[in-house]
Amino acid sequence: MIEFKNVDKTYANGTSALKNINLTIEQGEFVAVIGLSGAGKSTLIRCINRMHDITGGQLNVDGVDVSKLRGSQIRRFRRRIGMIFQSFNLVTRTTVIKNVLVSFVPDLPWWRKWTGVFTKEQKIKALEALDKVGILDKAFVRVDQLSGGQQQRVALARTLAQNPDIILADEPIASLDPVTSKMVMDDFKRINKEMNISVIMNIHHVEVALEYADRVIGIRKGEVVFDGPSRQVTKEVLDEIYGGKLEDMNPSSEEHTAHV
Amino acid sequence: MTTVEKQLLAAPRNYRYILMVTVIVLILFGWSLSAVNVQGMNQGGMKIAGNILRGIFHPDLDLLLAVSKQSVLYLLVQTAAIAFLGTLVGAVLSVPLAFLAASNVVPKPVSWLTRLLLIFIRTIPALVYGLMFIRVTGPGPFAGVLTIGLTSIGMLAKLYVDAIEELDTRVLESMTSIGCTTFEKIRYGIIPQLMSVFLSVTIYRFDMNMREASILGLVGAGGIGAPLTFAMNGYKWNQVGSILIGLVVLILIIELMSNRIRAKLVRG
Amino acid sequence: MYDKIFPPKQVVLPSGKTVLEKRTRLPLILIILIAATLLSVNLTGFSLKVLFTRLSQFFVIIGQMIPPKWEYFPHLWDALLATLQMSLLGSIVGALLALPFAVLSSSNIVRNPVVTSVFKTILSLIRTVPTLVSAIIAKFIFGLGPTAGVAAILLFTLSYVGKLLYEQIENVDMGPYEAMESIGMTRVQAFRYAIFPQVLPGYLSTSLFCFEGNVRYAAILGYVGAGGIGLLINENIGWRDYSSVGMIILALVVTVYLIETVSEHFRKKLI
């Protein structure tokens, strides 16, 4: 369970990223965080696994006060939280399975860490994770030979191999085409339902968010302006979150002068 | 004015710049021409050219195929050994230097100083190194290895630095989120990226070192250079021919192999 | 072939699926590398002991090179200029000649495979002959002096730029070329307007880069009597006049540095 209690985050130069966040997310929920770019969605997610520090309030994850963790405690804490990025963040020059095996590295004894030799059980677990996302047949292929959608699924498999309780996803489908996006989102949904892993996802495709998430949190200028089930999201709610900017996004097509 | 006319006026004035550069290059060309006198190529020269060609096409096969210690075959293998070991030495020395010269790893003054050092190392002609090392190790192939080691640093360090500065650091972010220590991030995030580039560059350099190693014999640093020069100074063109053929064949073979390996490294 | 001796490993997952994992080539590679290293050490007489005990000699010489003999500078000015002229001429002519050679080697312009392979082989052969060897041969043909050096540099530039150029031409986008042929241009014209603009930046960039390297080569060429600064280095090392050598090296470094900076500036603009 994730609890935000009056959480603030202000950067060193004075900009306020998050203001007075109060949220409770239970285990197994599928939450979509929506809002304009720069509203604070990324910051919110990254506070959960302490990639960013909060400057006020309290943040508890499964009973652990995140801001009180130090050094190797942070690393051990992060083991249980998986993270998916927009740019996949894989080592492109190595094979798929080597990328998935990276998630076991912190648990290896020192001599295995140096030589890079993994145990048979770890290899089997990695292959199982690849099977769960449907790219088992690409296990020994180099990552840079895969398409974007396949790479994101490798990233997903890497996260699954961690055996996390929570998966944080920062714009996971932003670089993918609609068809592959659907496949990846289906994977997320399946993992969420079958393995009861909480999924908290940043997403700016509102329709996709509403289709897959159970719960929607709307962020505007660092504050929560909406928190409820996705079926309660109406046009008025969206206007509030996006500040009416949704229509402004169409470019004006009447040009009186060519810019020289 | 219409919009179209405005655009025309605003077209970039590249022509003057290109013209200026071309004129400068032409002037330089003319100036450099003065250093050369084509008169130097007299009758004697043409005759020698003909002799060389004839020698190449009628190589001294006994010399080429004999297997004794002084034979061409042995010396060619020795040349390859000099190139191989020299490249190894150069690679080992270049890795720390490359890291010290990378602006995304060390602070600016350190990287600037290292680059200066690298420029010095790179510019000193190989033969100077050869003569210096002969004083250290005595004449022979050992000096050749060290010379090639040092001359390789120039190119290896430069290309290694390029690879280091192009590192994709986004992987490190995901490794942090998994909970990895710095060592683990280097071993599993950075090194896999660098490995294939380092290997490819090093193999390419080995290729070039084969050619350098063959001339080191000139200064007594071992390999095929000495017999080649003796043969040439003695006008024994048949021997020159056989040595050249052996050399060219060896270099071509190594080039073929290295190209295949490097292509595999890139494709994976 | 490796897979026949060491068949791929079968890994069975709990879910019942099997995966074939190819055995890593790493042990074989390591063995080859170690064997090659040991063999090379044997053949070359490499000895760490000798290295460590005598390494100080190397620095003794460097110590004698610093401080450089400043008074020597005017002496070497002419030689320096000669070196520059030599490399400039060789590079320019070599690069110009590389054009026809490269075009004749490109399989997408010259449809005759015999012609292209002949020219590619010529380029390869020229590239394989070490620069110094061609310099020595040139010395015999043209006599002592910078002309021989120009010839050697010319040949090297020709093969280096030529190879990179034809690789570029073969990888070029053929669309515009075909379009031009279809409106009735000859092959030369189509090349000039469709392909040449595409490869021009790379061609100039490679030529500049080659020139940079050639200046350094030219310095060595003098050693075999091909003129330029190499001759001076040879003399002074013979006389053990290391501080003069130091001055020469300093002058060389400054020159090369200047040339590289200018060249890099232009090369960045070309890309």
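A, B and C are the chain letters, set down in written order, and residue numbers restart from 1 in every chain.
Rule of thumb we're sticking to: a contact is a pair of C-beta atoms (placed from the backbone, for glycine too) under 8 Å apart; a residue touches a chain by one contact, two chains touch by 3 or more.
On a predicted model such as this, the values are computed, not experimentally measured, just so you know.
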Contact graph of the chains (line, ring, star, complete, other): complete
Pair with more cross-chain C-beta pairs in contact, given A-B and A-C: A-B
Farthest chain relative to chain B (centres taken as mean CA coordinates): A
Rounded Å distance, chain B centre to chain C centre (Cα mean): 6
Chain centre separation in whole Å, for chain C relative to chain A (CA means): 48
Of chain C, residues touching chain A in the complex: 11, 13-15, 17, 19, 21-22
Chain C - residues contacting chain B, complex: 36-37, 39-41, 43-47, 50-51, 54-55, 57-58, 61-62, 82, 84-86, 88-89, 92, 124-125, 128-133, 136-137, 140-143, 145-147, 150, 216, 219-220, 223-224, 227, 230, 233, 237, 245, 249, 252-253, 256-257, 260
In the complex, chain B residues that touch chain C: 25, 28-29, 31-38, 40-42, 45-46, 48-49, 52, 77-78, 81-82, 84-85, 88, 119-120, 122-128, 131-133, 135-137, 140-142, 144-146, 211-212, 214-215, 218, 222, 228-229, 232, 244, 247-248, 251-252, 255
Of chain A, residues touching chain B in the complex: 49, 51, 74-79, 81-83, 85, 87, 89-95, 98, 102-103, 105-106, 113-114, 116, 142, 144-145, 155, 158, 162, 168, 257-258, 260
Contacting residues of chain A [partner chain C, same complex]: 120, 123-124, 127-128, 131, 136, 139-140
